[in-house]
Amino acid sequence: MLRQLRARFGGPVAMAIVGLLCIWLIAMVVLPQLQMIDYSLRPNLLPAEQGGPRDHWSLTNYATLFDNRIHLAIFFKTLWSSVLVTVLTLLVSYPIAYYLAKIATPGQAALCLLLLIIPFWINEILRTFSWFIILAFRGPLNELLLTLGLIERPVRFLNGDAGVLVGMVYAYILFMIFPLYNAIESLDGNQVRAARDLGAGTLRTHWRIVIPHAKPGIATGCIMTFMLAAGSYAVPALLGSPGSRWFTQIIYNWFFEGGDWNQGAAYAFLLLVLCIGFMSLVMRLFKVGLADIAK
Amino acid sequence: MSAQRFLDWGLRLYIGVFFVYLFLPLVIMGAATFNDSRFPTITPWRGATLKWFAELAGDAGMWAALGNSLLVAIGVLCLAVPIGVACALFLTTVESRAKPFVYGLILSPLLTPGVIIGISTLIFWRQFGVAGGTLLTVLGQTTFISAYVMLMVMARLQRFDRTLERAALDLGASPWQAFRRVLLPFLKPAILSAAVIAFLQSFENYNTSLFVVGYDTTLTVYIASKVRTGLTPAVNALGLILILITVALAVGYEIKRRREARMRPPLA
Amino acid sequence: MDGSVTLDRIVMRFGDFTAIEPTRLTIESGEFFSFLGPSGCGKTTLLNIVSGFLSPSEGQVYIGGEPMVGVPVNRRPTAMIFQNLALFPLMSVYQNIEFGLEVRGMEKRARRQRSDELLELVALSGSGDKPISALSGGQKQRVAIARALAVEPRVLLLDEPLSALDLKLRQHMRNELKAIQRKTGITFIYITHDQGEALAMSDRVAVMSAGRIQQVADPETLYHRPGTGFVAAFVGENNRLPGIVVEVTETLVTLEVAGLGRLTGRAGQAALAVGQRAALYVRPEQLLLLDETAAGTAAPATLEAEVESVNFEGAWRMLEARLSATGERLRILLGQGGDSRQSLAPGAHGRFGYDPQQAIVLADDDSPRLDAETGEVVSGQPRERSHAASA
């Protein structure tokens, strides 16, 4: 490995490349994760007790989750809601991505992409906050519905999971649209025309031609959206209520309110396992590899 | 073909509704800044005011957080850009059976939830006596922002014609001269873009920072805490300013990128 | 300045695959030398060994008598013109030409003076400040030449540099390259799969196939006295008629060709023996259409064929025909005058004769052959690569 780098860049640059890569991978990527797992397997002890007889590996911290019905329910709700967010986001994004890639003129597409990129760069907190204003008990949405006579008294949107779902779809939609757009864009338009020509209807054309071609993009979008949703802290914290807590909030509480980092590390690791599990499932389902995802 | 026409119109309508959905919340949030109401809303409208900007200007906590955010972003920039470039160079140069594994490792921070990166950073550095704070925020953010930089630099590196390096060597350049005079100038636009994006990513980061900021609150964390406690339209004023800056940056960046794409010399 | 290049028992292997079979060759200083061969024959590998991008598995390369193996690319007295030219796209014409001088630490004014001289040599005076993207294909070509000459190489290596140009420009650049080579006196080593280029410019040509040099000779000799069946088929057009040697005289060899009887031609190699498998090669321009009325007269050899198509190519017409007896392809080149046009329509039968002195007999060896129909190389014998591929 070093030989190839030296041949191309010379010794000093090759050393710098390997040095930076190794320091980052080891000290920032690999070891912290391993340390987190190690932490999650140890009991929460006073500093004096650490390294003592009680300091040994066990699965106690993981058992806590399965013994705590509330935490377990929140874990599964987070899983289920994240899947829901992913599916909703996919459904909302697909027509947009298809329009941008295949129907819009180059000028329209360029304008739309610019319009999409702008909110993409705006802080997740601020985007969520804007929904907080809209969904407020005395906010514009309730006002509008009241004026239209659709409801008789204001609805507490911020009291259940609905607000969280809406906020998440809004916050992560662009992570779905861009991979989808990139994948559909590379489809040869003649294939769609040929399918039409052969008598396939709109639905069948999409099902048989466009969607199979866009698989890597769909997979990437779903993985990113799920990961962001399951790992989201801001959206449930801002748009949720105590009754609609997210798993990340439980983790946060273990760290900064419960003061039990070991317990928190175990929960965090379970969240990571959840995301890796979802990713492997999607990759297997869509038959795509890591290299397709990074495009 | 009336069914087709119906579908086309349906799609147009959908696109229109979608963009309203995308921008209306931001407009409403901006508008609420100017409402003379103690709580950020546009209903009921109590008359226009600029007082929330004044209140924001007097918010010492906000200024401290802004300073911290900038400090962190600069720190991240200094670490993540060299690391990302090194990763991209490594991946495009080395051919080895271990490469897919290394590639997976390099990508893994992008596929890991931000809170977990924050948590593992916090736990790992505790043993060296480093508690939450500016330094730890820089380290935590660098973990995943480096991978973004890598992807952006890699995209351009893959378009690089390696014969150019061979030509430089053939003309008598040392590998270092070939790197500095031929490859680096080619990568420069991608490195600059990556730097801008690394800066923005750092400035906006919440999930990772949440666990590692300690008392050195960054602006994003500050805004989030304000929303939950002590919410006034001053938060909107801050949001509006940030949005305007981001929009200006995003538009500027996009225009520059497109101009470059147009002017890119054809690579033989 | 000695710009001679000697390849001393060079062998190049990539894993199991032998790209260059043991090769010995000396290229004289100041010579315009070409390696000609189909793609994959190893010519580019040889070029990379001379330039230093590859290190040979065995053997030594001498440039001007000095051993070169182990000397890195950037310290060799060679310069290369790449197939895609590899001009630095972000630099101006001046910066491109001066790159090699700059990395050698030459002072700026001397650099500029040298590059102005070179721009004049390649007829691009005044274009120094242009960006590369503003140049036409031919101009880029000239900048690449100037950039390579700037470092005063003893040997200039050219890797199919004209292949990207269109036909007219390509022919013009041939003359120009030849003129520059004469003016500078630098050894040129030229790699191409285009025999027209190789024959037109070179002092000597090495025809390569399957990692082996088939023949090294000046262009006339290659064309008129090919040394192997591969060279006969690859250089110029040739009709190949395989058979068994039945008679050998001092200069002539007679073959028994299935379906066609006895055909006689000049012996192309010394050691042809009765009973050996060999082939008669007769070029399309050596075949003459025999008059109908002359049928039965004592033509030395006649080939009867059915015309399949007539391709009018301006100064001549190329007939594609099939031998009536064997169905094998026969190509005949006819000049404008003389021949009866009536008999040339597709479907017509014609009888063609040739002068045995103008045909050549070469032994069937195991060297690769060209497919008569497509002109592509078909292996005479499976090479190591095909073993590796099937394994």
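Labels A, B and C are assigned to the chains in the order they are written; within every chain, residues are numbered from 1.
In this text, contacts are C-beta pairs under 8 Å (C-beta built on N, C-alpha and C of every residue); 3 or more make two chains touch, one makes a residue touch a chain.
Since the structure is predicted, the reported quantities are computational estimates derived from the model, not experimental observations.
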| item | value |
| --- | --- |
| Farthest chain relative to chain A (centres taken as mean CA coordinates) | C |
| Most centrally placed chain - per-chain CA mean versus overall CA mean | B |
| Chain A and chain B: spacing of chain centres that average the CA atoms, whole Å | 16 |
| Distance from the mean Cα position of chain C to that of chain B, given in whole angstrom | 56 |
| Mean-CA-position distance for chain C and chain A (Å) | 60 |
| Set of chain B residues in contact with two or more other chains | 174 |
| Residues on chain C engaged by chain B in the complex (per definition of touch) | 51, 53, 72-75, 78-80, 82, 84-90, 99-100, 103-104, 131-133, 147-148, 150-151, 164 |
| Residue numbers on chain B that touch chain C, as the complex places them | 161, 163-164, 166-174, 177, 181-182, 185-186, 265-268 |
| Chain B to chain A touching residues, read off their complex | 4, 7, 11, 14-15, 18-19, 21-26, 28-29, 32, 39-43, 82-83, 86-87, 89-90, 93-96, 98, 100, 102-117, 119-124, 127, 139, 142-143, 146, 151, 165, 174-176, 179, 200, 204, 206-207, 210-211, 220, 223-224, 227-228, 235-236, 239, 242-243, 246-247, 249-251, 254, 258 |
| Contacting residues of chain A [partner chain B, same complex] | 1, 4-10, 12-13, 16-18, 20-21, 23-25, 27-33, 35-36, 39, 92, 95-96, 99, 103, 110, 112, 114-127, 129-134, 136, 138-140, 143, 170, 173, 202, 223, 227-228, 230-234, 237-238, 248, 251-252, 255, 261, 264-265, 268, 271-272, 275-276, 279, 290-291, 293-294 |
